[in-house]
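First the structure, in the form of structure tokens, and then the observations on it.
Letters A, B and C mark the chains in the order given here, with residues in each chain numbered from 1 onward.
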């Protein structure tokens, strides 16, 4: 269970460029929930993700992962509980390293690294098995540098890598928005499959209101650094995009967001 | 070119290949341009020479020299990671400081070692090839050992973490790798290698001089880049071999330049001739591609 | 068309380099093409006025003894451009040519030659080395000229110009072995004479001006030893000295020509000639009693123009030995 209590994140405090990215945000994410997060640009969606992951440390407020107060822990210290898939396929993997090496990195996520051989025969075999489950032919390309793969392939592997070590929450940061529609659909389907199979707790940021309602178990809307709308269960199932839009219309006037719908 | 000049270039190339491997670790693997090497190369020589003259066994002296190099790399890394200093600047500051430190260690700018025990006459005397070279085989053995250690290290989980930190620090952090710690580790190992090369230089040439480090980063980079231009470097093994080849070839380039007196060139034209030959050598990949296309 | 031309050019140049590398033996065969011409190899650390003067003197001595390059002897010369690794390669290259005598001009060059000369039993002659014992250039087969200056006489010499000399500033590079020896000895000598010696250190030629300026107002005189760095930047020290109206004392003639007030030292050319004489004796298989020659004639050089600018007169005591020099353009 992830608990955020009264989180404030201020960029460049005390200067002209001071910006309150998160303004007293509180959120409780139960185990097994699949949250979709929407909001206009600047609402704080990416900041929320970065704060949970530890890339940004909050100015005030607390974050608890189960009973652990991780508010001021650096991202690598939280890596044994938090896994991320980034929007940019290049950002989530090491382009210079091979597919097998990236996967090996992921298997050791959160553990201390020692002088054991990183790619033992046994490990290679298990990586090969995992990749063949994706049915993308990647099990034949273990020694290909990651940079040679397509965006979709990299995101698929990123998703797989996220599940290789135990995790408390999976963060998906618009992870299909940089892909073409067909690949995006594939990766989204894969995401849902993986979350289902491993019974993961997940948080996904998306710009598509339709997707926000179709996917997951709960939807949360952010605006100016706080949660203004939170819906789940049957109420949510009955909600349509139009309803969401009218919710938006009250608070938001982001053309891009409105144009995307319908 | 005579045999002695050939083996001399080979020996020097082998010593500098260790520097190239160190630079490969910092510059290529960690993406950290580390200028400390201009200071850690003479540091290794100074520590080794002082220890040997003090009575220490040459092998111990060499290992102590490596520790000194590791420490200097660690300090640069601390400045860059904890004090958030620009990488280039951190290296420059350590390099400058090391100049004074080296003078302190030796007590003077130049320390002569000829006639003293070295690891070559103590340890490796059985590997001497009389009438060709007493140093070639021992150096080859040392470079092989050092290269293997680097290769095996980079294949461990720790080594993979290091490579990830250099390739994509954010992703590495997300995988639980403390990228600052990796930079500290990487620079320590890299400069330990460079200091080892300095210690070997002092023992083979018979003296340590405080000015022997100037330009080390330039030569090391030239060696690494030359090696990459001539050999494929997809795997780590290939990359390390390329370092060795590049360093040796660079010494041969200088040998050719030294021999070019007959063309009306003077001794003072050495640097220019070296540069011209290097430019030609860097064209080899383009030539290879051209001839491949032609067939 | 243009691309093809470029490819051809590069291929040909590379092929030329490689074949040169593999087959060049001209430097070896030159000596053996004629009925055994003796071969002398010279190795110098850097192109530099003092060192060049020594080399000229050496070649001159050889010529006077009947050894003419190309006719009765073959002389090769290499310059390491200040790089120690290159000097090491030069040593190997020259040793491979089996010279009859190897000559090292400057301490680092001589040191790189030492191991190859001993392992190949080639006599080694050094010059422009201040402290050969410290540099371990001591061996049965090693001979040379040491340019260590007696420091006590330096102070006396400066006193001739400035009777109540109290403080001296010495500019040098702490990274040059020769200089650190001189300054250490100078310190001891100054203490005896109750003179304060203030060091100004410059690690490279571009730092020299700043080093000189830092102490200009606080001293009675500036002294520059045989330091490669400081001597290379003599012009900037002269500028500082003349604007502060300070007497500037050097240790070599070249610096006086460049504007220093005076120097009591050796004639570099003569030192080179002495080294050359050693080479000649080795070639003639004559026995040499003293391996290291360190007793040389001291000359006093004074720059007339600087003397006038400082409003000083030539000290009476010096009149007979003085060599007056005008400023070189």
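The definition used in the following text is that contacts are C-beta pairs under 8 Å (C-beta built on N, C-alpha and C of every residue); 3 or more make two chains touch, one makes a residue touch a chain.
Bear in mind that the values here come from a model prediction, so they are computed numbers and not experimental data.
Visitor: Among the chains, which is located farthest from chain C on the basis of C-alpha centroids?
Guide: Checked the centroid distances; the maximum from chain C is A.
Visitor: By CA centroids, point me to the most central chain in this structure.
Guide: Chain closest to the assembly's C-alpha mean: B.
Visitor: Counting C-beta pairs in contact, which two chains come out on top?
Guide: If you count contacting C-beta pairs, the leading pair is B-C.
Visitor: When the C-alpha atoms of chain A and chain C are each averaged to a single point, how far apart are the two points in Å?
Guide: Chain centres of chain A and chain C, defined by C-alpha means, are spaced 70 Å apart.
Visitor: Chain A to chain B: how many Å between their CA centres?
Guide: A distance of 43 Å separates the two centres.
Visitor: At what distance in angstrom does the C-alpha mean of chain C lie from that of chain B?
Guide: 31
Visitor: Per the contact definition, I'd like the list of chain A residues that touch chain B in the complex.
Guide: 53, 55, 74-77, 79-80, 82-84, 86, 91-97, 101, 104-106, 108-111, 113-119, 145
Visitor: For the complex, which residues does chain C have touching chain B?
Guide: Residues 7, 10-11, 13-14, 17, 20-22, 24-28, 44, 47, 76-86, 88-93, 95-97, 107-108, 111-112, 114-116, 119, 134-137, 174-177, 180, 203.
Visitor: Applying the document's contact rule, which stretches of chain B touch chain C when the two form their complex?
Guide: 1-5, 7-9, 12, 16, 99, 103, 108-110, 112-115, 134, 201, 205-207, 209-212, 214-215, 219, 251-252, 254-256, 258-262, 267-268, 270-271, 277, 280-281, 283-284, 286-287, 290
Visitor: Which residues of chain B touch chain A in their complex?
Guide: 153, 155-161, 163-164, 167-168, 170-179, 234
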